[in-house]
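Note that the chains take the letters A, B and C in the order they are written out, and that residue 1 is the start of every chain.
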Amino acid sequence: MAEIAHMIDSEIFMAFSTYATIVTLKMMLLGPMTSYFRFKNKVFANMEDTFGGTTEQRKKMIRVDPDVERVRRCHQNDLENIIPFVVVGLLYALTGPDLSSALLHFRLFVGSRCIHTLAYVMPLPQPSRALSWVVGMITTFSMAYRVLTTALYL
Amino acid sequence: MAEIAHMIDSEIFMAFSTYATIVTLKMMLLGPMTSYFRFKNKVFANMEDTFGGTTEQRKKMIRVDPDVERVRRCHQNDLENIIPFVVVGLLYALTGPDLSSALLHFRLFVGSRCIHTLAYVMPLPQPSRALSWVVGMITTFSMAYRVLTTALYL
Amino acid sequence: MAEIAHMIDSEIFMAFSTYATIVTLKMMLLGPMTSYFRFKNKVFANMEDTFGGTTEQRKKMIRVDPDVERVRRCHQNDLENIIPFVVVGLLYALTGPDLSSALLHFRLFVGSRCIHTLAYVMPLPQPSRALSWVVGMITTFSMAYRVLTTALYL
């Protein structure tokens, strides 16, 4: 493991903070986007969220909508991929990698996830979404490899 | 970024540890609450989880139940909001903010999520749940703003 | 809270890095496993993911499949349990626990989650999955207890 001086004052940790925050914000924005489609298409998951009309009309608003489900699947995929990136990326940043190598990992991951979101929500034809997902996975695996080879303690 | 001395021995990091742990425990408790409603209403997602009665009766236990789904939606919303808080909050705590400012953020977030859970599970009439969700989002955005303005390194 | 020297160079933090990375990789592998069952059973969630055959045949591939849903439920349970472990475990590692005690917690958790995945995907008869889930929960609660008793700052 790296010296502690590598951690906070280092450009690597600042780079990690920047990219981790940006990609986390990107993930969070899918929450309001889900709400946007719920209001636009008048589709809700809870009776207390419906509004306007009679009770009968409001009951019909409790249904599944393709637009809403698409954004929710994208959000779920973000949870499944971005959170592992943050966990492994933090540990990776603490192993004291080269700055250029770290930046390459962080930029590849954040770029691939932005493309993934565009490809999912638009949607773009495959394999754009599949490829962006694979690039993100490989980036995280590569960082995990360095963590395990640098700091293995079982 | 702050000096390393700010990190571990500081009251800010202890405050972060305390609030992050509390809100993570709150999130985890929705797991047992889901199990509680599954057993109470005899509703399961897997055939091997059912018990009692004939195979026919057990097959009928594999269905969707409003109580269980409500708790699960609340749990999902927690994952989508509390985990970003923990990630951004950790980086925020490392930027060396004022203790009073940090405590305000942490308390607002944890308070808003406790109200959110109550509003979802009871359920309380809207806009109680929507407002508590928005307060949590704004708190996390505010911390992300400080991280990006203090430690930007692209 | 522990001295900073306890954090990076210490065996506890290396042990945490190792086990957190391993269990995060285990969680990530459920993504490709979901894809595997989607291709094997020709079941997709998005129209643009389907392939082969006429439009009518491709529309029929948009459905819910028991194998795919089982892996997805396992993945969701991992998100709900492994992420809290990583958050609480990181803070726990910073409280400077005994190495043997920390290793016990990390090994118990990672072992229990590996058994949980096996029990879910095979599936094994209950209560194997329920027990492995409970062991993981108790391990995380035990670490949270130490964090809150060592570093409480409200």
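Going forward, contacts are C-beta pairs under 8 Å (C-beta built on N, C-alpha and C of every residue); 3 or more make two chains touch, one makes a residue touch a chain.
Note that the coordinates shown come from a computational prediction; the quantities given were computed from them, not determined experimentally.
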Practice prompt. Assign the assembly's chain-to-chain touch graph to one of these shapes: line, ring, star, complete, other.
Written response: complete
Practice prompt. Would you kindly state whether over half or under half of the residue numbers at the chain A/chain B interface are used by both copies, giving same or different?
Written response: different
Practice prompt. Rotation angle, chain B onto chain C: superpose the C-alpha atoms of these two copies and give the value as a multiple of 5 degrees.
Written response: 120
Worksheet entry | Separation of mean Cα positions, chain B and chain A [Å, integer] | 17
Discussion item. For chain B, give me the residues that contact two or more of the other chains.
Written reply: 4, 7, 79, 83
Fill in: Touching residues (chain side chain B, partner chain C) in the complex
4-5, 7-9, 11, 13-15, 17-18, 20-22, 24-25, 27-28, 30-32, 45-46, 48-49, 51, 75, 79, 83, 86
Worksheet entry | For the chain A and chain C complex, residues of the former touching the latter | 1-4, 7, 70, 73, 79-81, 83-84, 87-88, 91, 94, 120, 123-126, 129, 133, 137, 140-141, 144, 147-148, 151-154
